[in-house]
Amino acid sequence: MLKDLFTKKSQKSHHEKGYAVINVQKEKPADEPQEAPKAQAEPQKPQVQLDENHMSCPSCSAVIEKQALSDNLGVCPECSHHTRLGARRRIQITADAGSFREYDTIIRTVNALEFASYDDKLRDAAEKSGLDEAVVTGECKVSGQSCVICVMDSLFMMGSMGSVVGEKISRAVEKAIEKRLPVVIFSTSGGARMQEGMLSLMQMAKTSAALGKLDDAGLLYISVLTDPTTGGVTASFAMLGDIIVAEPKALIGFAGPRVIEQTIRQKLPEGFQRAEFLQDKGFVDTIVERGDMKDFIGKLLAIHSTGGELDDK
Amino acid sequence: MLKDLFTKKSQKSHHEKGYAVINVQKEKPADEPQEAPKAQAEPQKPQVQLDENHMSCPSCSAVIEKQALSDNLGVCPECSHHTRLGARRRIQITADAGSFREYDTIIRTVNALEFASYDDKLRDAAEKSGLDEAVVTGECKVSGQSCVICVMDSLFMMGSMGSVVGEKISRAVEKAIEKRLPVVIFSTSGGARMQEGMLSLMQMAKTSAALGKLDDAGLLYISVLTDPTTGGVTASFAMLGDIIVAEPKALIGFAGPRVIEQTIRQKLPEGFQRAEFLQDKGFVDTIVERGDMKDFIGKLLAIHSTGGELDDK
Amino acid sequence: MTSRNEFDGPVLQLEEKIKELKTLVEETGVDLSGEIEMLSKKAASMKDDIYKHLQPSQKLKLARHPERPTTLDYIERITSEFIELHGDKLYADDRAIVGGLGIIDGTPVTIIGHQKGKDTKDNIMRNFGMPHPEGYRKALRLMKQAEKFKRPIVTLINTPGAFCGLGAEERGQGEAIARNLLEMSRLRTPVIAIVIGEGGSGGALALGVGNRIAMLEHSVYSVISPEGLSSILWKDASKASEAASMMKLTAQDLIGLGIIDDIIEEPLGGAHKDVDLTASRIKAYITGCLEKLSAMRGEELAEERYEKIRKMGKWM
Amino acid sequence: MTSRNEFDGPVLQLEEKIKELKTLVEETGVDLSGEIEMLSKKAASMKDDIYKHLQPSQKLKLARHPERPTTLDYIERITSEFIELHGDKLYADDRAIVGGLGIIDGTPVTIIGHQKGKDTKDNIMRNFGMPHPEGYRKALRLMKQAEKFKRPIVTLINTPGAFCGLGAEERGQGEAIARNLLEMSRLRTPVIAIVIGEGGSGGALALGVGNRIAMLEHSVYSVISPEGLSSILWKDASKASEAASMMKLTAQDLIGLGIIDDIIEEPLGGAHKDVDLTASRIKAYITGCLEKLSAMRGEELAEERYEKIRKMGKWM
């Protein structure tokens, strides 16, 4: 029963004791420069690669077998820390097997402002992420319910939003209106993509306007916020869900923590801009652990499906 | 020009030096019981009658000729304090001469709950205020612009809202919809009328619902808040104006100051729940002095009149 | 025992007597079954009689009973699924009002209710069921969402009133309640409002503009708290019982005044004596209403609700 | 003199020279009128040339010039009446955004704009033109009101950006901006947006979704402040001039990228050199747009605006 899912206090590991655990005190790396504006915060350190098969949890520093972490959906089996997930993997764990059909695979980013080294950065990002851009869009079924799905990937230039990200999302939303399907967007982003200047900024207006049309059409939009979601994406489609779901402890904000600290010249309070904080402040409807997310989205889609009928228990 | 009106810092007396002024230290009267629930606050003392022709200002204690005060629209010529104004007088200084036509003069209050001494109180209130109930409704022109107008009177049981007040206001709003006229309501109230129990409470829903219809019809509603506006009236029609105007320093709140002080067990900060405070907090669009009110309302009505045309300077 | 009400006194005395007799039977073997049966019947009929003729002040006690079931107690029992949704998307998540998506007999509904706490800690978190403006704005947000998706709305009312405090005033308690009244009146989806405990003034009404308005048998609904009225009338908050008797705040009074449509029967002794039974009756009431209301178009529902509210009041 | 820009240097030198010659004429009576006329012409053409070819970093200086006219400076000059309306009806009145009802050439419009201060005290009250969420919510409230009454909307954009602070984050800066973008896109009334100074990122865009989008000749509009970009690229906020030159933030760049529709010419030396003239050009621009837009129905206006936004961006 669904309500059990939401009263469960913490996610249990899928593989208890199926891996080696060593606690090590990790040295804090020097602050890394950020790819995207407004994303000056990187409060979750990227997983540290220890050897070919092991990494240390960025939260509890436990040494985890990479396979065990992956089998556990990228959630640390020790501390339930939700590590960042690539778009392909996210789709794999969310869509019903074999149901995903990708949209707009041939749209390509251009360096319209002839911004220095942007082409190089795009090439690096593609290599690092295995993607052409910071969002993958398409349609799929989730627990048998059809929807349009857009998934961002922070490995591609910190999930920053340029023209192609904005265009792909807008097209996907328009496709949903055409097919009368609900939309699910998994966000993770450092914000606008400065290398595209004002073309990037206008994607905020474009995606928001498309969602306005979706709303006019009476269709559901579920926004899922994952770590981190900041900047222009927070100030556009990420915050416009009929229902806004977040992963535990995800960083969600308009300004990044470092920008705020520079502005106010003091340290931010513990937990500031985390998913739990945003729920307290009224901006996140609910927090759902990754292991429960597919089921949760499936339920929401079912509740909002035409006719609104759902099998009773 | 209108903008001059809003940059003017304080209202000038209409009758400078046309009256005697003596400053006296007035003794504070013991707290008076309130007529209506939630209206436990009486922060503006009623004018103190000194003799047949003089009274002392409840704010600055200046001794003022009654005629001078009345000529100055009930605004203290010394300190600009806005004393409470009866409904008839308010209509007189707001409506174009001879334009007011009253609605619903034959509806009468009943003691449906057989509440002890309610009939006596109604009789006293009628005598004190010269009115049948705490609101006068009708239509008139203001600076040549037609509108439906409702004016409450705090002399009638502290302007508390029973069935008749709710019914008269609802009928007036429905008449406005029928005639496609804007509505102006001057509020002053201690809240719901406890002697009518739940029948009184439901008037909040009834008047609000009528204003919902007015809104659906695309018609303008100007809410004018005068001292004091609290309780059920604040939690219904008073706060639902397309544009909410307040007189300077008017007390405006849901709970009365004394109730809050009892709840939080401390004194309220200076200026709390005053018109200026509510403007800072975002709930009052603008504050207009009594001497400018008719002109201001006329301008708003003109701006919102069909066609939206107004003579340019 | 917190669940004991002083008006159960005579019944409790009888029940004590029966218990004594039973002990006697065990100890002595004397056959007292006739007497026991007689006394048991008398106790039952006495209890029935007491609860059928409770005074307003007694109903007030029941409505505020610390064991009185809360909104979440009922939601848990009447829905097969419930997804709580938090926050007003403006300022905060007010825990004094809960809301979300529920499935009742296969039908998705939006359920919103005041939430009182179960113990001191819970009550502090829930502010004793007294919402701030953000609570009412959360409720409105969820109601608008329900309207968008053509979902019926069920509200469960149980509050001493909207909170009176600095923050509540600063953030527009009056505006928030007023806005809900206006917007609820024109929602193009069915709205069913049920008073399950205490219906305290404007803070209760802000969830109470329904196509159908019902009250649990021993719940109360009033324009001011009896303590408040007592203070005003006699400068003495302790005469609340006396005040309650003047106020017409019981379900039975209010159906007579045309304020509510229906009364949902409570188990003998009050809702807390059998929460499952009470919940099943609430559920039956909701599904019954929905059957009738679901045949109506959005505009008809809004119009019906308007006409219903529009008629309220008494005058000559 | 705060109004002096370093790029005026060569002109100022010439003007100094002319002044010297004039003094010489007065003192000696020698006829130098030919030389003076020649130099004056040269100064004027040089100035014209300089302002026609300002570098992005120079425009940035002009756009942020302490004497740059603000929203209220223009409102005062382009409206015959202006009634300021305060507050978001939710939390506060944010002084970093002003809005209200104005009459422009006999037509009532809703005017909303970022408001920078005129001096330190004023700037503190206005938070240097950096709004909190309540500022954007006030703007949205006034825009919805305009839509209800079928009034055109004019926005004047002039902000370093939305404020970055604890309160702004707590109260949902991201949500407030996003909501404005969505709602502005579907308003069924004409919207004219004009960048009058600094268009700083999302905080500017939140008032910028128009049927027509224009910029004053020397204003700037960018996705991030040049200081911010400089920090990111070179860990050094002081290279803002260099960053500005990469960003395509001038009106001339942005009309080429299809971001804006029109450029409103400024007086020689910048808007502050002749505020009345600048205002009259802004007014003429607004009335010109309104003439065309007033012929369109609400749905057409929303659709046109959508199509305009929808096209923005470059890809292959």
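Details
A, B, C and D label the chains in the order they appear, each numbered from 1.
We adopt the following convention: a contact is a pair of C-beta atoms (placed from the backbone, for glycine too) under 8 Å apart; a residue touches a chain by one contact, two chains touch by 3 or more.
Here the structure is a predicted model, which is why all the values come from computation and not from measurement.
Each step here moves to a touching chain, and the least such steps from subunit A to subunit D number 1. Each chain gets a centre from the mean of its Cα atoms; for subunit C and subunit D, those two points are 55 Å apart.
The centroid of the Cα atoms in subunit A and the matching centroid in subunit C are 41 Å apart. The mean-CA centres of subunit A and subunit B are about 53 angstrom from one another, to the nearest whole unit.
Among all residues of subunit D, those that touch two or more other chains are 89-91, 171-172, 175.
Shown for subunit A are the residues that touch two or more other chains, namely 215, 281-283. Contacting chain pairs (ordered by label): A-C, A-D, B-C, B-D, C-D.
The touching residues of subunit D, counted against subunit A in their complex, run 162-166, 168-175, 177-179, 181-186, 201-202, 205-206, 208-209, 221-224, 228-229, 232, 235, 246-249, 254, 257, 259, 305-306, 309-310, 312-316.
Touching subunit D in their complex are the following residues of subunit C: 89-91, 137, 171-172, 175.
Every residue of subunit A that touches subunit D in the complex is listed here, in rising order: 33-34, 37-38, 107-110, 112-113, 115-116, 162-164, 166-167, 170, 192, 194, 196-206, 208-213, 215-216, 231-232, 234-240, 252-255, 259-260, 263-264, 268-269, 272-273, 281-283.
On subunit C, the positions that touch subunit A within their shared complex are 76, 79-93, 101, 103, 105-108, 134, 138, 145, 148-151.
Taken in their complex, subunit A has these residues touching subunit C: 1-3, 6, 215, 218, 220, 242-243, 279-286, 296, 299-300, 303-304, 308-313.
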